[in-house]
Amino acid sequence: MVKKRQNVSFAAYVAILPMALTVLLAYLGTMLWTARVSVSSSRTFPASDFVGASQYIRLFNNERWLLSLQNVAVYGVLFIAACLIIGFLLAVFIDQKVMAEGALRTVFLYPYAMSFVATGLIWQWILNPELGIQEVLHKLGWTEAQFDWIVDQDMAIYTIVIATVWQASGLVMALMLSGLRGVDEEIWKAARIDGIPRWRVYLSIVLPMLGASVSTAFVLLFVMVVKVFDAVVAMTQGGPGTASEVPAKFIMDYLFGRANIGLASAASIVLLLTVLAIVAPLYFVRNRRAALGA
Amino acid sequence: MHPNAANDASIPTPRPRRSGAWTPARIGVYGFLIVAALFFLLPLYVMLITSVKPMEEIRLGTLFALPQNFTLEPWVQAWSSACTGLECNGIKGGFWNSVAIVVPSTILSIAIGAVNGYALSFWRPRGAGFLFAILMMGAFIPVQVMIYPLVRVLAAVDLFSSLPGIIIIHTIFGMPVMTLLFRNYYAALPLELFKAARIDGGGFWRIFLQLMLPMSTPVIVVAVIMQVTGIWNDFLLGLVFAGSEHLPMTVQLNNIINTTTGERLYNVNMAATILTSVVPLALYFISGRWFVRGIASGAVKG
Amino acid sequence: MSNVAIRNLQIQLGGNKVIESLNLDVKAGEFVVLLGPSGCGKSTLLHSIAGLIDTSAGQIEIGGKDMTWADPKDRGIALVFQSYALYPTMNVESNMSFGLRINGTPKAEIARRVSRASEMLQLGPLLKRKPANLSGGQRQRVAIGRAIVREADVMLFDEPLSNLDAKLRTELRRELKQLHKQLGATMIYVTHDQVEAMTLAQRMAVMKGGVVQQFDTPDVIYNTPANLFVATFLGSPGMNLFKGEVEQQGGRTIFKNEHLSVDVTDYPFQQPLTGKHACVLGVRPEDIDVGHGDGVGQAVRASVSLIEAMGAHRVVWLDFHGTQVAGIVQDQQPIEPEKEISFSIRTNRISLFDGASEQRL
Amino acid sequence: QAPLKATVIHWWTSGGESAAVKQFAEAYNKAGGQWVDQAVAGADQSRATTINRIVGGNAPTAAQFNTSKQFRDFVEQGLLNNVDDVAIAGKWDQIMPPSILQAIKINGHFYAAPVNIHMPAWFFYSKAAYKKAGITNEPQTWEEFLAQLAKLKAAGVVPLAFGGQVWQEKITFDAIFAMVGGSDLYLKVYRDRDQKAVMSPQFKQVLVEFKKLKAFVDAGSPGRNWNDATALVVQGKAGVQIMGDWAKGEFAAAKQVAGKDFGCYPGFGPKAPYIVAGDAFVFPKTNDANAIKAQKLLANVVTSPAAQVAFAARKGAIPIRGDVDESQLDICARQGLAIMKDKTRQLPNTEMLATPDTTGALQDVLTSYWNKNQSADDAQKAFARAIKGE
Amino acid sequence: MSNVAIRNLQIQLGGNKVIESLNLDVKAGEFVVLLGPSGCGKSTLLHSIAGLIDTSAGQIEIGGKDMTWADPKDRGIALVFQSYALYPTMNVESNMSFGLRINGTPKAEIARRVSRASEMLQLGPLLKRKPANLSGGQRQRVAIGRAIVREADVMLFDEPLSNLDAKLRTELRRELKQLHKQLGATMIYVTHDQVEAMTLAQRMAVMKGGVVQQFDTPDVIYNTPANLFVATFLGSPGMNLFKGEVEQQGGRTIFKNEHLSVDVTDYPFQQPLTGKHACVLGVRPEDIDVGHGDGVGQAVRASVSLIEAMGAHRVVWLDFHGTQVAGIVQDQQPIEPEKEISFSIRTNRISLFDGASEQRL
């Protein structure tokens, strides 16, 4: 049903012009271009021939790609969950009118400011069984201690989770904090009268009120998941073997080192469609609920 | 302390609340924060001590040990004399270039993101929702995939390899997340305020500039944190789009720490990394005062 | 000066039909009060007149022009929000002057209007405060101030005085009336305070469930309510109701039930009744003559269940065979709870309603 | 007349590399040019920058590539100028090793100026560690090498300093391949993509032998950077590392001297194959006469003997030509230079033989095989598939 | 059942001393109404009793225990916020039951209380709605519901009925009274509605500028206001004031000014007066006898400036030598604006205040 709408100010259209241009020229254009390249035999440069789905076929015959998708799924679930939880907790604890709030906030945020090329190396060292934590524990006499995930086929991806959570949860904290501070004091007072324990207020009242911040954080983290690359390169280079390969690294390898932008484009398109398949239902449900609620 | 506190448990201790008494809850809060801070600081500790050790000591591989031959040489070198190809000026060379890129890019990308978010939340122009959906999809395309076509576009309008070019590029890449950030923030504000401003005759820009922006400080701080960090730390886009006169300091940083087959000076790398991040770190530290409480309180009843 | 005409308005909110098919014709320069129970759609109506809610059907005409889809700012209206909706980052003064500054009103004029409003609303010392630092009533006054400085053609007030003390309310009521006279603006005013409604309204619309039940002068509505709902809704305490039947008895028309019999021959029936007719008799508490009825023919007896002292008068609640009957006592006669007392009904202002349709007979 | 400006994109950014590239710059400036340096760390990034600069119409005068098939696509797209004049005048055909020529000479034109030769599979060993394990000689056969590793292990040092990154695994494999499988098989597999050769028992044996090394690496190896592995050798914590000649830089930085503190050998025995890799400059297309002049001058300067030896000495590589003053070079490099004179020992690097895409696919196969519990048979099949280009 | 005792309370908000030194003693189980002009600190007082605002000095005792620094949840209180402060993400039912669920109240008990409250507040059909989808009055009722389900010992109400229609308000008033009786809870109730105040209050505290002016039963306060402020603040319209002097004239005490002379000999002076004394005479509008005074000795004449029809009665505003005098007319006598009319003062309920201190004489 087409519902008549009140006239939207002309200025609103002017205002979103930059967005429209960006979307059409930069994003839509790139997507179409990428889709086009993905059905060509392009190597270093885009070619104009048409090879059908052969890049896609090759892609899905590539074990490393399939493994990347699998890895990123595991990684994504853990990373997003951990970041949201830790970020929220940090925001909550920082919100307790603590001393040195500014310093603490900076401490939790600083990883976000550091290039992963260097911090990834530090993590690699710290997690390295012969240099880092395990070694220290051994030296302290706890010789059974074992913490060698980074060299373990099955565990390496979790070390990426640890390091990236370390990097990103500060940002989630900042987002949550900005949302938390927006909650009306009166709500807090009401909850105090109701005798609700603080943690419960955060959980049952404040957190639902932070819906917008949470969803922003979620999308942000989701984007990070899909694009995770630096951390893997700096820490494990996708290894041991291909145990911590991720799609973005796959794409980057083919884009540059392996000079096969056709395959890289096909991978990007597949990645995009996968994201769409995950996000679209969420988006749909949210919109429906909003429509019912408004 | 109240004299009765000890022997009459049923009477709540009279205490001036602000004096920060050490209740178990309080201790718990600090306990958590301290443990968390230690976890967060561990890598920084390693970075710092690595940066003040000579390479011989680093090669020994005693990661957590304090330096035995403390040296500031790596810092000096990182800042002003490390070689990155023919140049041996450390990372300081690109500092002002970075500033010249970060400031306008941050402002522009936040401004556009805020306007987009505002338009999407309150005005909903026809088709904007669709544009936004595509924009958000675009956020999931690896930046590197987009570089080639964007190079062509920018070259076509003669902005490739220029300061405006790199600013536009950062704005483009920042747009999805900035728009999302502001859209969601505005969606959580009471709609009544917007309505009141409409009644008051406010047009699109007025309401945005005089009503919405002042209420946006917390989210602007987050946006600034994200954009400044992102743009300051970017080197790939700067390298490709900025042109050789405007290369940001991260290109130098990358050159210092990211060699493949050259020998690596870890101490210099760490020093350079920390030095490069000083600007965002300073920003984080001072951003606190804008995380204001209850920015919209008192606005609506109910 | 603009009239406001609403035709067949229909509004849906979140799936509920809040307003079904509403018609209202407010003349230019008129002061109309909207009354109705909580949740009946008053605010929704005001918001739709202001253009803040999309209508699903119907038409809104302001100043002779179809404004159904016009922008709020083009409608020449001002609105006091029930929830205030103050700009939290602006101080009181800026809150009030915001609209004027947008219009490009000259500075001096802005200053004049703001200072007049703040004086009228006794906000003088608070001009530099932010809304968060004001009390509830102070916030409400800022909301009023923001609307009145606009001096718009149509002014919409959504319970603007609900959080103010009686004294201030009386003063502001008078000021608003003054303002109305002075600006000649059309005013539509929602209130739950019947004194306010009675004193301000030139005409009064009583709403229920998104439908206007009666739209007339306060006097007419108070004295001859169009239906049972209006009858009980107005007045405090509301009209006393007695179920019964009307019948003709020897040339006279008599209302009768088990315990009561009232001669209603003089009642101005809209249509002549024939035979027996189930109906409801409505009597305002001030027409219940308490205590003095002993000698009068129609007097009946009831026991006093509650006495409410109201300062100027007392409200006496009588238990009349299980029905609570409220009467107003002006004099100082001694009345004691639990005691029996007699009362009679003054018939010159009674109402009669159809038992089934609940419409006025 | 203004000096000929030459913008050069390259990825030589470490201290030693910087010093090396400075030699080129000085030589070029002395020859009447003006070197504008554009260092971009990381080979991939550097090449990507070059591509984008070319596409964006802001091409550099010259850009570094590996001496390999990496720039074939550029040539096919007509994006490069050739430097035939310089090559012919400089008699490149005669002075340069054939494998290098093969890489730079496409359709009869010289599209790149090679600047150095890297041997990516030297064996560097710690003399201290060897002493501790009681080893006195460099191994002459693969079996002896394995035996030495075992001794090292027994002596409590890490036998093989290994960085578990894909490219390091590949280097190690190639070294073993050349050594155990022999040059013929190597070429059949990599150059001819001969499926029969790949599926041969000999090749399977190569895979089996390669995996034997796994027993001699430490638990911390996965993900380790090559220089951290080198540091183990420097420290004497590890016995031997198979790495490119650039590793000498790390020894030098630790003030260790080749032949004294550490030893180097390119393979087992006097006839061991010598894998050749290296870097080259390519010259993006331009019609600007001055730029073309600059390109030619640059090609000329960087291939000149003096610049070559000056560069190689600092880079840790060897010159692309034999007619240079060896005295500046360390003993490893001198050894390499000597070997280069024997064409039969030279083996081209995989990158010179296969496209980057195929090379990458092979890396994937090898890293799987090395890290997972995969049988040699399976790896062999996967290798065959990868080299077919599927 | 807990008493609430407040001693020398002092509260600062944003640098303003909002409450200076306040004392209030509410007996256990008492129903106290707080009245006062907008911004006088009523909400602040309630919040400080609830423990939501830090006091800068003074003591708050609840149920015999010093609770000045106790946590709100330990005080056994319930509070209806003036601004509602509903949990926006919970539906009506959860808003009401959340506190109980946290307390671990048994499910059946929660259901009972919530259903009782929602019935009383007529929220039945709205239980599953979120606050954003409710009308103003509905939200207010939810706020009340959330407080009363707690069945706390001390219940604090901050203008709980301000946004409800008169009918509902009357009903709820009765329900609240019922609840008070039933729970035996101590109730402190802020309202601007004087009918509400009069009908609900056992005692009433009138505040001004953070200070309690008078604390007594409604009757006493209405009939013998302690000072000029209380006198004018209560009643609608407020007390009529006449400035003048009292003096002894031949054994009688006479209030006198230029235009008026009233015999106040029977007035119960708190201290005997001697000589002339500047004072203010206060007369409630219902003690202004309009129109009938022609024959009476003390009658004076004034012109009618405004007539407000209130349904049950009329308020007549008289211009008496420049002072506006309000009188209440109960009967139907014809009164016309602009005409002259006479009025007299019934002296049995007058008040006299000191001209300087404004305290009752």
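The letters A, B, C, D and E name the chains in turn, as written, and every chain counts its residues from 1.
Keep in mind that, in the parts below, a residue touches a chain if its C-beta (ideal position, glycine included) is under 8 Å from a C-beta of that chain, and two chains touch if they have at least 3 such contacts.
On a predicted model such as this, the values are computed, not experimentally measured, just so you know.
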Partition of the remaining chains by touching, absent chain D: one piece
Maximum centroid distance from chain E, chain identifier (CA atoms): D
Chain pair with the greatest number of C-beta contact pairs: A-B
Inter-centroid spacing, chain E versus chain D (mean Cα positions, whole Å): 93
Chain B and chain D: spacing of chain centres that average the CA atoms, whole Å: 39
Cα-centroid distance, chain A relative to chain C, in whole angstrom: 57
Shared-contact residues (touching 2 or more other chains) in chain E: 71, 82-83, 86, 133, 136, 140
Multi-chain contact residues (two or more partners), chain D: 43, 45, 48, 51, 225
Touching two or more other chains - residue numbers and ranges from chain B: 61, 144, 148, 203, 254, 257-258, 294-297, 301-302
Sites on chain D touched by chain B in the complex: 7, 10-19, 21-22, 25, 35-43, 45, 48-49, 51-53, 55-58, 118, 225-227, 231, 234-235, 237, 244, 246, 249-250, 252-254
In the complex with chain C, residue positions of chain E that touch it: 13-14, 35-39, 41, 43-44, 82-83, 133-138, 140-141, 158-159, 162-170, 192-195, 198-199, 218-219, 222, 232-238, 284-286, 308-313, 328, 330
Touching residues on chain E, where the partner in the complex is chain A: 47, 50-52, 71-73, 77-79, 81, 83, 85-90, 98-99, 102-103, 130, 132-133, 146, 150
Contacting residues of chain B [partner chain D, same complex]: 55-56, 59-61, 82-88, 144, 147-148, 151-152, 154-155, 160-161, 236, 239-240, 243-244, 251, 254-265
Footprint of chain C on chain B - complex, ascending: 190, 192-193, 195-203, 206, 210-211, 214-215, 294-302
